[in-house]
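As written, the chain order gives the labels A, B, C and D, with residue 1 at the start of each chain.
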Amino acid sequence: MSRLNERFKKLYKIGLVITFAIFLFFLFYDIHNLDSDGKRYLSEHYISEGVQETGATNLVASVLYDYRAFDTLGEATVILTAATILAFLVPITKATMFGTTFKSIVNQTITLIIPFLAVLGAYLLLFGHLSPGGGFVGGVVLSVIPILLTITYSVDFSEYIFKPAQKKLVENIGAIGFVLLGLLGVFTGSNFLASGQAPFGTGSAGEVFSAGLIPYLNLMIGLKVGAGLAIIFNSLIKEK
Amino acid sequence: MEAAVLVIISPLLTAFFLGISRLYVKKIFFPLVTGSAIIYLYLLILVITNSYPAKVYSIGDWGMLGINLMVDPFSSLFLLIIAILFLPFIIFSMKYTKFIKHDYFIFAYLMIAGISGMVLTADLFNLYVFLEVSSLSSCALSLQKKTDRGIEGTFKYLIMSTLGSFFILLATILTYYLTGTLNMAEIPLAFEDIPFKIKSTIMAFFVFGYALKIGLIPLHAWLPDAYEDSPIPYNVLSSGLVMKSALYALIRILYIMFGIDFLDESGMLTIVVFWGVITFLIAHCLAFQQSNLNRLLAYSSIAQIAYIMIGLFVGTEAGLIAGSFHILNHAIMKGALFLVVGIFNYSLTAVEIEDIKGLGYKFPIISFTFVVASLAIVGLPPFNGFMSKWLIVEAALEADFVYAAFFILVGTFLSLTYYLKVIVTLYTKTEEELLIEEPGLSLKLPTIFLGSLCIVFGIVPSLPLSLMNKIPKFLLDNGEYIRILLGG
Amino acid sequence: MEIPYVVVIILFCLGMYTIITKKNLIKIVIGFTIVESSLILLLMLVGYKPDGTAPILDKGYEIVVDPIPQALALTTIVIGGSVTAVMLAVVIKIHKRYRTLNIDEIRKLRG
Amino acid sequence: MLTPGFLYITGALLLLLPINNKIKYIISFLITAGALIVTFYLIPGNSLQLDFLKLTLIPIKVDSISKLTGLIFAFAGLAAVIYSINICSLPNLRLIFVFIGSALTVVFSGDLFTLYVFWELMTISSSFLIIMASDFTKKTGYYYFLMHVAGSLSLLWGIFLQYSATGSLSLNAIEAGTPFFLIAIAVKLAFVGFHTWMPLVYSKAPFYVAVVLSIYTTKVGVYVMARLVSGINILAYAGLISALFGIVMALRQNQVLKLLSYSIIIQVGYMIIGISIGTAAGISGAMFHLVNHILYKTVLFMAVGVVIYTTGKDDFENLGIMRSKLPVTSIATLVAFLGIAGVPFFNGYMSKSLIKDALHEPLLKWGLDLMSFGTSLLFLKFIYYAFFKNSTMNLAKKPTISMQLGMGFLTVMMILIGIHPYLLENLTNMHVDFNYFEMKHILSGMQPFLWSILIFILFKKYVVKKYDRLLYYDMYRKMATLFVATGYQLSNYHDGKLNKYLLWATTTLIILLFLLMFNSHLLL
């Protein structure tokens, strides 16, 4: 009897999911048959005017850090929240990591790789408005450095090089910097997070020091994401 | 309206600075928290008093190209709730929290920032982002005690709310796909020539996603679990603001994006009212069974939210006013109730109904506050809950939802059964010698403040209603909202 | 052109199925990541134009894909990643307290 | 305009201040006496309007009926407060003040909203009075509160129906939702079937609570019935049935307070009959009966209260102490007995004969005689135990002066009304063309009393007998059990399995989608 019940339950679940799939299928089919391409005035405006208006050739960066920079502030806050939750969940005392020891060749290679990673990260951060990359990507690359250290050496060593408190500080400075850069617009008489409209202007598109606030915002987000991801990784791995 | 954006930014900044203060300068903790709470209160009042006529603030001066914030009476209602609850919450938590205070206040400020962001934004994706900020930090707050039950409840909360978020995100993406914009004023214009079926499916996703966060039955199961072992001051904000902000977003989306005509045509109004009736009847039955005060109040929150849903979804002007009034009242009443439970919990770690036996004679004023707030939440005169329930029933009758109106009264009776159970226990004498830690003034004062608001708003309901009377103008007719947003 | 949408549907429903049937906490979290990735895929599809190039306008270009969904996708990835991290951390805590990952045994809260 | 109800509520607030005993006495006396004087000088026809939200409220509106009721309420309030001031604690005194104040406001309210608010306030204050009174009354208070709130919610629903049908809240005869108004009133005045709270509360609660409650609770129901649903002839029979039920139940009781509470049901039966006739004579008869009933029933409750106070219990045997040790109480009891039995030249006679005279249907007239007969039979039992049966009881403590003072007031008033029945008419300008001392009326008033004495003497051993408890069936408790069982079942479904919760959620999604796809107007 209970087996029959169990089987019925399973069938019921599968049925639910399939019904839902059919709904989704019809929905997508209907939407797809609609002619909705004519309505993309917003994206067309971004593509045709975006470079002049924001001064960044990377349109994704101009959307992320200029048109919709407020979203970016929100998601930066989400990472900060996540990092704070993880740091708070994990006890402050040192936890041991599963004991893996690597051959010395691994250790040596890591020390060689790290400078390159740092340079790559810095490049991605600083040229985010000109080429593929940006704060998030650069931040992730930067965070790989402490992660690699953690994996190859140990949590202890990694936290000896980059102290948790310092990472936290960098993260908070990144977030505060973002907000303060945004407030710069308010102080110069225009709106919050204004870059092109504020008196400091956009510069000429294509140069490093152009696009108003975007490079600096990129830098701040990069610091924040890098520190945040490092904290998250270390906290997850510290638990046994 | 620089203040509008500062309402979102200032708690964020406070949270970030608290993060630094936690590591390096612990001394500035107290002035930072209280000082910024007071500044925040000032900002809120500034925004609320300027909320009519509605104003638009464009972030980065992009106008229609970027993200806009909009302050209108409905959003200022939520800012008013924040203004009423936040300072008492801060003062109460200062004394109450025995765990790591810094983290607790960081999350609290992040949550408030997320909620005010949700309330003010006029952009669909921005709404989603701030929803995530508030729900993630809300999870973090419910985790603060790090007990087994707390962690389990938080996990359930996290799973359910993430599921809801995904559906909201799915609907948001599809909306962008169909309209090519995320601005809440342009979407309804572009929505006009979208086929009926597509629109109603997208609406179903929105409703489902937000209903998970609001906790309508049977999507409610995480809610009492998340409340059971979380810090009690957090529960005040959780039931008063987190649930409500999801409700706010739902109302915003449905009334502005889809419009009242579509809601009526697709039958959404009928469905939600029926759903609300089912919800509060079951929630009252379940609440009677609880022996844990937090769970009892959680179930009662579900029921009260259902009343609010009925008020807001009967689709008339009176209904919107009544529902909004009940949002405010419920925040106050539930806040007072939770704070009283918080005091009991602080003084003698009581959470079960059995534990509070005889406390009515030991804490006369606090217990009286409890009695007042619970009678108010049941909906007996002359307290504020009665006024808003009266308005809701009147609106439901006016809109021909006679069964809903009738069952609201039945629900009132059912809710009395369990609140009275608690009150009777409170005033039953016991022989036991209780070890009591004296609650200081900083615990008592916020509680009494909220309790007295219950009486004041019950006797002079025109005080808050003067703000709420302007709400329907911006919701019932989305043209007004669109005009102001586009014009700004 | 239709096939990617079918993939989105399949991924979404697979994720949903994982979430509602699996008993292991880690598997449930994996279900969430599957759902999330299907949504990111959907975002990419929304912005896609045939023969479009990446929205970086430093050289000559003819058709550029919609940049907004790409920005949204980045945001979604970050939020999804954060939520997953928090979920995993809570799962670790649960495993430490309850000594199990079976969801049917984690039920101290009832009623 | 100063209203008596407002005065009382102010008094309750004043009592919140930290005060000593002396000031408590002064405040109480000033408030109660002040309220009486204010009520006395209210002019029929006065009213006050107040705008509240979208409603126009009339918190005070005086006419002759409300003035009469208000006067007796204020007078009995004075007596009751004096009676209980030394016995009850300060919080309870506050509650008593709120209770009396809201009862007085109900009486003078001119619209349904005010009526409802203060009706509910009466329920709240009286319930807390019961709950706070002692340790044994917690469950009783719970029961009482739920029952009365059910009643008042029914009133509220009736008001909503009336409001949406007519668009006004004025206090006129009801046009829509009459059944709901009837349920509300039935609970308040303890109609048979809705009476279960009354014997429970009056026997369990401390006696001073019973005194205060018995003055106002049921009478407010009667007053509101006269206001809203008067003249429904069929209800006269219902009142008769209720009264006969009351007689049967009262005869079987072993506790004096229970006997008194069942006898309230009988007396309320008179008033229901009077109101249901609908003529001016009938209604004024009912209102006069209300006044008289308050007087003698309060005195009886007070007397039993003195017995309880001095001996500790309210068994019939304890009543015997009256004759030997409590002279004031004995006199008061005797006067009250003669009043309630309807003996000419005592106060009950006046209103009873008024109601009888207004009746035209023979069946009801017979019924009325039967009720009078039953009542006097009941109280003969009471009197028998109090004065004729030998008792060996001893006084445990002396009754306080304030108790006797309160009782004395009412007794004097009773005698006054009995000797000069036109007093009430003159007081309120409700003139009924009726000669109380016509031989015909005196004879018909005497008959049931004399018959009852005869029957009592003949069948004494059946009347004065300890009965077993009747099979006790309470429908409301059964319903409550059902509610709890349902809740338990529902709560069992929440067994903590996350999979289950997720499954519920998904199912809801699918249902929602289906509802929206296939237009849900048809389904719901």
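Keep this in mind: a residue touches a chain if its C-beta (ideal position, glycine included) is under 8 Å from a C-beta of that chain, and two chains touch if they have at least 3 such contacts.
Please read all numbers here as calculations on a predicted model, not as lab measurements.
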{"item": "Mutual neighbours - chains that touch subunit B and subunit D alike", "value": "A, C"}
{"item": "Chain nearest the global centroid, as defined over all protein CA atoms shown", "value": "B"}
{"item": "Result of counting contacting C-beta pairs for A-D and C-D, higher pair", "value": "C-D"}
{"item": "Whole-Å separation of chain centres (CA-atom averages), subunit C against subunit D", "value": "67"}
{"item": "Cα-centroid distance, subunit A relative to subunit D, in whole angstrom", "value": "72"}
{"item": "Subunit A and subunit C, separation of their C-alpha mean positions in angstrom", "value": "15"}
{"item": "Averaged-CA centre spacing for the pair subunit C and subunit B, given as whole angstrom", "value": "28"}
{"item": "Multi-chain contact residues (two or more partners), subunit B", "value": "125, 129, 132, 136, 139-140, 143, 146, 155-156, 159, 163, 177, 197, 201, 224-225, 286, 289-290"}
{"item": "Where subunit C touches two or more other chains, by residue", "value": "12, 16, 19-21, 28, 68, 72, 75, 79, 82-83, 86, 90, 93, 106-109, 111"}
{"item": "For subunit D, residues that touch 2 or more chains besides their own", "value": "491, 494, 496, 498, 502-503, 506-507, 509, 513"}
{"item": "Chain contact graph, described as a line, ring, star, complete graph or other shape", "value": "complete"}
{"item": "List of subunit D residues in touch with subunit C within their complex", "value": "491, 494-499, 502-503, 506"}
{"item": "In the complex, subunit D residues that touch subunit B", "value": "52-53, 116-117, 120-121, 124, 128, 131-132, 135, 138-139, 141-142, 145-146, 149-150, 153, 156-157, 160, 163-164, 483-484, 486-488, 490-491, 494, 496, 498, 500-502, 504-505, 507-509, 512-513, 515-517, 519-521, 524"}
{"item": "Of subunit C, residues touching subunit A in the complex", "value": "1-2, 5-6, 8-10, 12-13, 16-17, 20-21, 47, 54-58, 64, 66-68, 70-72, 74-75, 78-79, 82-83, 85-86, 88-90, 92-93, 96"}
{"item": "In the complex, subunit A residues that touch subunit C", "value": "10, 13-14, 16-18, 20-21, 24-25, 28, 32, 40, 42-43, 46-47, 50-51, 57-60, 62-64, 68, 71-72, 74-75, 78-79, 81-82, 85-86, 89-90, 130-132, 136, 206, 225, 232, 235-236, 239-240"}
{"item": "Touching residues on subunit B, where the partner in the complex is subunit D", "value": "155-156, 159-160, 163, 167, 197, 200-201, 203-204, 207-208, 211-212, 218-219, 221-222, 224-225, 266-268, 270-271, 274, 282, 285-286, 288-290, 371, 375, 380-382, 386, 393-394, 397-398, 405-406, 409-410, 412-414, 416-417, 420-421, 423-424, 427-429, 461-462, 465"}
